[in-house]
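Below is one structure. I have some questions about it.
Chain naming follows the written order as A, B, C, D, E, F, G and H, and within any one chain the residues start at number 1.
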Amino acid sequence: MTEKRIREILDGVAAGSMTPAAAFKHIRELPFEDLGFAKLDNHRSIRRGIPEVIFGEGKTADQLVAIGQRVLASGTNLIITRLAADKAQIVKRKIRALAYHPDARIGAVVKERVEPSGHGVVMVLSAGTSDIPVAEEAALCAELFGNRVARVYDVGVAGIHRLLEHREALTKARVVICIAGMEGALPSVVGGLVAAPVIAVPTSTGYGASFGGVAALLGMLNSCASNVTVVNIDNGFGAAYVASCINRV
Amino acid sequence: MTEKRIREILDGVAAGSMTPAAAFKHIRELPFEDLGFAKLDNHRSIRRGIPEVIFGEGKTADQLVAIGQRVLASGTNLIITRLAADKAQIVKRKIRALAYHPDARIGAVVKERVEPSGHGVVMVLSAGTSDIPVAEEAALCAELFGNRVARVYDVGVAGIHRLLEHREALTKARVVICIAGMEGALPSVVGGLVAAPVIAVPTSTGYGASFGGVAALLGMLNSCASNVTVVNIDNGFGAAYVASCINRV
Amino acid sequence: MTEKRIREILDGVAAGSMTPAAAFKHIRELPFEDLGFAKLDNHRSIRRGIPEVIFGEGKTADQLVAIGQRVLASGTNLIITRLAADKAQIVKRKIRALAYHPDARIGAVVKERVEPSGHGVVMVLSAGTSDIPVAEEAALCAELFGNRVARVYDVGVAGIHRLLEHREALTKARVVICIAGMEGALPSVVGGLVAAPVIAVPTSTGYGASFGGVAALLGMLNSCASNVTVVNIDNGFGAAYVASCINRV
Amino acid sequence: MTEKRIREILDGVAAGSMTPAAAFKHIRELPFEDLGFAKLDNHRSIRRGIPEVIFGEGKTADQLVAIGQRVLASGTNLIITRLAADKAQIVKRKIRALAYHPDARIGAVVKERVEPSGHGVVMVLSAGTSDIPVAEEAALCAELFGNRVARVYDVGVAGIHRLLEHREALTKARVVICIAGMEGALPSVVGGLVAAPVIAVPTSTGYGASFGGVAALLGMLNSCASNVTVVNIDNGFGAAYVASCINRV
Amino acid sequence: MTEKRIREILDGVAAGSMTPAAAFKHIRELPFEDLGFAKLDNHRSIRRGIPEVIFGEGKTADQLVAIGQRVLASGTNLIITRLAADKAQIVKRKIRALAYHPDARIGAVVKERVEPSGHGVVMVLSAGTSDIPVAEEAALCAELFGNRVARVYDVGVAGIHRLLEHREALTKARVVICIAGMEGALPSVVGGLVAAPVIAVPTSTGYGASFGGVAALLGMLNSCASNVTVVNIDNGFGAAYVASCINRV
Amino acid sequence: MTEKRIREILDGVAAGSMTPAAAFKHIRELPFEDLGFAKLDNHRSIRRGIPEVIFGEGKTADQLVAIGQRVLASGTNLIITRLAADKAQIVKRKIRALAYHPDARIGAVVKERVEPSGHGVVMVLSAGTSDIPVAEEAALCAELFGNRVARVYDVGVAGIHRLLEHREALTKARVVICIAGMEGALPSVVGGLVAAPVIAVPTSTGYGASFGGVAALLGMLNSCASNVTVVNIDNGFGAAYVASCINRV
Amino acid sequence: MTEKRIREILDGVAAGSMTPAAAFKHIRELPFEDLGFAKLDNHRSIRRGIPEVIFGEGKTADQLVAIGQRVLASGTNLIITRLAADKAQIVKRKIRALAYHPDARIGAVVKERVEPSGHGVVMVLSAGTSDIPVAEEAALCAELFGNRVARVYDVGVAGIHRLLEHREALTKARVVICIAGMEGALPSVVGGLVAAPVIAVPTSTGYGASFGGVAALLGMLNSCASNVTVVNIDNGFGAAYVASCINRV
Amino acid sequence: MTEKRIREILDGVAAGSMTPAAAFKHIRELPFEDLGFAKLDNHRSIRRGIPEVIFGEGKTADQLVAIGQRVLASGTNLIITRLAADKAQIVKRKIRALAYHPDARIGAVVKERVEPSGHGVVMVLSAGTSDIPVAEEAALCAELFGNRVARVYDVGVAGIHRLLEHREALTKARVVICIAGMEGALPSVVGGLVAAPVIAVPTSTGYGASFGGVAALLGMLNSCASNVTVVNIDNGFGAAYVASCINRV
């Protein structure tokens, strides 16, 4: 969005040759801003009510700083996912407001706390200890997107009584996110216990024939519970994003 | 649920030895009924507000008749998906109320029309002509589950102007179901246009390196739009089910 | 085993040039018999206490008759698995004692009923209606191998209460066979409920991303319950065989 | 398991308002304990007679110490599998009783030696030198679970005479565990030599088209010997666990 | 090879303007002949001493007749592999000399019997009854290519004594062809018993996780016996061809 | 190409025993030069008008120097792709003229600037920030091969308005190269907007079910736009090479 | 495109209220027409100069007739690919002008013969007899798109002299289409012989480890010749389409 | 092989109670020697005329020294393949006679030079520079096994003239080993040029859709040349071993 074009629009408003409504429409239509190596979509935040989220893996600390500063300059909250601890250190030197959450591997700058809207609870379940990083990514993102979140971890199906203890809380959730690696069976059992939509997140937890999460992914896609949908392996952020879309319906 | 057990419960109520509340709890807990080869879950309909749905593929006409009659006897609506035209003919001889929808490959008996609840519209998009059977399965199921449904077919991404014409309608939908085979790119484009959750259904449409829908499935799981979740290949019913869960949130 | 060689041995015994013990050892060592296109292992039945089992798929009715008659001539029981109904008809014309079990797709001739040994019960569980052919193959084979068998069908994990109702019976089984297609989650839940070994049989039930049973197979191999082992897709016979080996330990 | 609840139960027993039998049943039902990031199942040891086993891979030394100390506090033996030598060093500083077995990559604390029960021998076979780490994991776990174990290593099928030398010992084993990478053919040959159940463990040994153990896994799933079942790639612990379940039948 | 060009060459020889040696060189260089839809390589037979072999699958009976007649016209023997019985019937009406071998699914016209060269024996082993069609394709082709062939069928590794009985014959073979489906372990055991090269042919025999011969193929590629090479699934002809190349070295 | 042979040819020309035309033909036929470990094809540059390109990955710095010096000695331009920054440093010590482009991971020595031929523009599009290294490899190679290049980056399909802004420029391009990871949908949308050929390059960008670029590759192979062809994952150079062949048609 | 809208536009032109240029622009922007189950893109033919092509597989004869009649009504040529002979018969009853080409499995109505543009030759090569249907689909489509086409069939790389005979013709082609199944090596050899772009089409020809064309597809994607791009398995039409785009550059 | 047993045998010979022939037979039957972690097969060298070959990858330097010293003590030559340079350094400190060949990654101790037997030449071809390590492994092993070897490197099919230059030498080879990565097309072209058996070795050279050598492997398995057999990816040693078996036939 070149300065020139914005000035023309505003001059037009000042001169009375363009109504404010028309000007707003024009600005709303100016959709992104060129950083050279990445085009930010500043208005998505306004259109969707969700902060700008940067996928940190495979970007250098320098790239993250550059993108992050531009996001913050535009006034929206900033979330960086898949942010390794050492890279977070470097980013923090330039963006001092960054809070780093090691369990979730997330760095965030929350300028304006989003109030939990009055809607329901997003429940995040995880099957095993090793699934916690993905579960925390989902839970923390869901919170940062303005949802009330309940966490229940380590309730894998081989100890079904551990899950059944939470049955009552489960039936009250508006959306359920199920994080599981290995055989990925948790969403099927949970899906049978609740009427809410269940978002299944396979994790790369496991070894051998888990094939980096493929076994869990296939298990979830073939779930015999009909209220289950699936996102990519280890995609805790995506699950939180969709859960948020649903919770705000 | 054997008659004997129900009578005992009701006799107990009559005799005053069991309060109605306790009796209700007992009956609610009697969860299924044994057909010998399949256990029906009669109360799911009550608990979830969704009719009993039978997966017709791989079941004989005789098995479908037996299950169908029992479902109808319990008073709920009946839906049979993946029902081939010739098998439908046979089932219809025994279950005369069955209406067969060849485009959707669905047979249904609707005893009590579910009124569209006041909520939003479920929009069903399909990329190509060959995806229509799955799209119709999704659209018809969504209607039978009590949703208002809008259909927009043949809007594949290689003719992007065809999709963009429907942009306004799209932004008004409460849930969007995207049906696509081949490269499965439709949900990514749609996901970027709407704030609603998008349920992606890969279809087995295609040949060669589409591997029976795997290419579309992988494309959808890797969608760069964050509001996309995925169900199994050709699973139009599942998409409708989840869309219904979301629409009724 | 040519007649000539057996006669020599027996003549030797008769002439006193060979002790009966030596003769027995010789005969025990005569391991198979040449049919031209298949070598029968007549003594396996003696060594293992299990009837000769023929895999019927991919063999012509004529081949089955030829093999079957030779098996029967040797005095052992005969089991033909994966026997299609129409092929069974043809075989039956030549082997009139053949009893055909359509649910299990098994043809069997039981000359001498094997008494259930005093040991424990082999429990056969199936997740869905479509898994019953494999479950019946397992259950019937286990019976024909001399085990007491308990069947519990249609107890898939999306309706966990259906399974939990059988919890007490489950904990009494000496071996549990779990038959499941789709996501193949049943063995994980069952494995957590029992201390007995669980043999998981993936089935080719399902569609799309079930890939003919691969999803279930991977789910079972990655089971988070440690007492689960796995056999090939649809291999009900193999599960029964191993269960029998364990039950007779 | 909060102290409060246990005290209530015991007070009840003391006061005579609860029989010891009822109290025992209550305590047996108290199934787990919350560590924040992992729920321990203290009673599994009692219910199954097998120590608590922690999967060491992918857990930090700190996590292992925290879980390990809690396990030991509950009075049961501790086994950590897939424990790298350097991580073992760190854990040992906090849990000094830990004995580290580098061949098996296992760390263990045995408070109370489990006496080999009177039952049969678990025989552990390995095909090649590179399979020994998995074989040792299986053998050592089986010993720690209270079984008598016999090891026969480097008896791959390309030198069949090496295996046949052990034929007599083989036929005496109650359960046989076969560890093999590459083509994974060992269980098929062994399965034909014994009447006992054979548990096959594919290993990731090999290169190129072994695909990290997939070739061996598929070979074992397709074994032409009917007494073979399979566990996940490199899962020596799982094989020992099932072998122990079978040996204690 | 147009008549015109051959006549020119021969006229040249007759006229003395070309030496016979030069003419021979010219003719040897005329490499193929155009049928419109297939280019025959008439001289391969001379250069290699092996008849022209047509792959029958996927060609119509008419195409086979056209190609076959041209082959026969050129004076060489004809072999059609993968020839279904019904298609053979039709071909035979036009090419009456065709002998059909149903076990091997081969049709052949042998104008001039190739004398077994003085070299060694090609031994063909098969693991199971279902592998016989591929084994017969290999054995019959090897005979038609002029080799002495020994067949030993149904010697799968789960009954190792059946194979070991033929140990002496095996060590005398100059080349060994091993046909096996399922886990494909036979070549590894055989490779360890002989010093000759072993050609392994995986077959599509099996079900479930055999994946149409992939399990056997991978097993053979990962054989721990170093004298094993592999050809494509079900490629009995190819194995015979290579065996013949080796036997004639 | 030994000096000796070239001298003989040229001496022949000088002496009149060989015509220049014949000499040219001889030289043109001298196709390569032996470096011991690699055969350079010096004349390809002349025949095709494209510099010699070395694939840098998996070659040592020493090997690159040796090959590079020989290329330069033959007078053609030099391009080394997939050249890591640290390796470039080492190569530069010996080949000082080497210019290193870190974004494209390319090292190049341009002795003679190739003038952009009068033809059309090669447009290079990339879907996301992480695809830039591959996009730059394509763009820089295309420039070094003598094409005018236009770059438009970060125009992924989930923000379709970003792409549509460039619609006019797109329709003017003579060839379009589309770089995309994840679901690889960009070429389908672009293919529908232009009449020019579109070369699709899948990238290994992504995680989980992107399987290192396989999802994008399959998506592109199944593109519903008919003017799309595909090259290997991350093969920016190959796309530039083909684009150059087309642009020079 | 409703008649009403076109009339309004034309009336406007007649009335002088709209310039012809503006009217043309309007009409060009009217992009498609709704058939209920498929949206035709009538103007693509004008914009691209290529007839409307219908993919016949998976569409019923009735659907093909409906789409075909509408295409013809719009005045453009019609091509139906993957049209089985029996379906063609039925279509022909309604669309009598349809010419059916059994080798190419194509039905076409050519109202106006497209003159071969003055540009170069598209050369179509095929490796084997079984690849001819795909080769003919490519060759016939290329002709119908207005290209001069040269066919060279049955020049697989195992008889390299057959290919080299056509070397001179090859170097004169402007685009080369290479059709090959099995190992798919033809494009690599051809790519090394020509400077033109090579479009590789893998075919599903083969058996066993060809996996329905995957082996050829992978071979082509990994071609060591840099001027090779790839389209989907059996996609002769797509290759012709891209070749036409290139030839018209 | 315990000393005790050998002495008894020899004493028996000395005492006349055992003939020398019988003693030889006994000794020949003493097949291996127990190292604790690996069983050496000392007599294989005698039986096969090939030195003991150790696969160095995945074994520690200490293990290699222990096995190596035992091999040398038994009097045979020693070859260690896949031996990294740094590990070779360590082994050399203990086994000073070890000669290390970095190109082939082989360490060898040749006590007694095997004279090239009078037979034919084993020709080793490689397609590209990156394939040389595997090619050298094959070539050096073949030499150490007593064959005369000819090397022709960098003759990939995209520059077919480079290969054709060696046509005469090729036709004289008794066995040809073809090493190729990427599309693995070299064996098909070579197979068409020679009558000798061709052993194809796919290499893991390549990137993206080469999948670590799978593309080359599949290409070779589907070779349209009938005299091609295949070994595992990167298995240069195996190719040399089989070539040697064939050359000594």
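Note that a residue touches a chain if its C-beta (ideal position, glycine included) is under 8 Å from a C-beta of that chain, and two chains touch if they have at least 3 such contacts.
Just so it is clear, the structure is predicted and the values come from calculations on it, not from any experiment.
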* In terms of C-beta pairs in contact, which of A-B and D-H ranks higher? -> A-B
* Which chain's centre, taken as the mean of its Cα atoms, is farthest from the centre of subunit B? -> H
* Asked: Repeat of B-F among B-C, A-D or G-H, where over half of the residue-numbered contact pairs coincide, is which pair?
  -> G-H
* Structure fact -> Taking each chain's centre as the mean of its CA atoms, subunit B sits from subunit E at a distance in Å of 54
* Structure fact -> Per the C-alpha centroid definition, the whole-Å distance linking subunit D and subunit F comes out as 54
* To do: Could you grab the centroid distance between subunit D and subunit E? Build each centroid from C-alpha atoms only and quote it in angstrom.
  => 50
* Structure fact -> Per the C-alpha centroid definition, the whole-Å distance linking subunit B and subunit G comes out as 38
* To do: Can you tell me which residues of subunit H touch two or more of the remaining chains?
  => 159, 208-210, 214, 217, 221-222, 232
* Structure fact -> One finds touching chains in the pairs A-B, A-C, A-D, A-F, B-C, B-F, B-G, C-D, C-E, D-E, D-H, E-G, E-H, F-G, F-H, G-H
* Asked: Which residues, counting only subunit H, touch subunit G once they are in their complex?
  -> 127-128, 156-160, 164, 182-185, 188-189, 191-193, 206, 208-211, 214-216, 218-225
* Quick one: which bits of subunit H touch subunit F in the complex? Just the residue numbers, please. => 129-130, 132, 153-155, 159, 161-162, 205, 207-210
* For subunit F, which residues count as touching subunit H in their complex? -> 31-32, 37-39, 41, 57-59, 63, 202, 204, 212-214, 217, 232-235
* Over in the complex, which subunit E residues touch subunit H? Could you list them? => 47-48, 53, 120, 174-175, 195-197, 199, 217, 221-222, 226-232, 237-238, 241-242, 245-247, 249
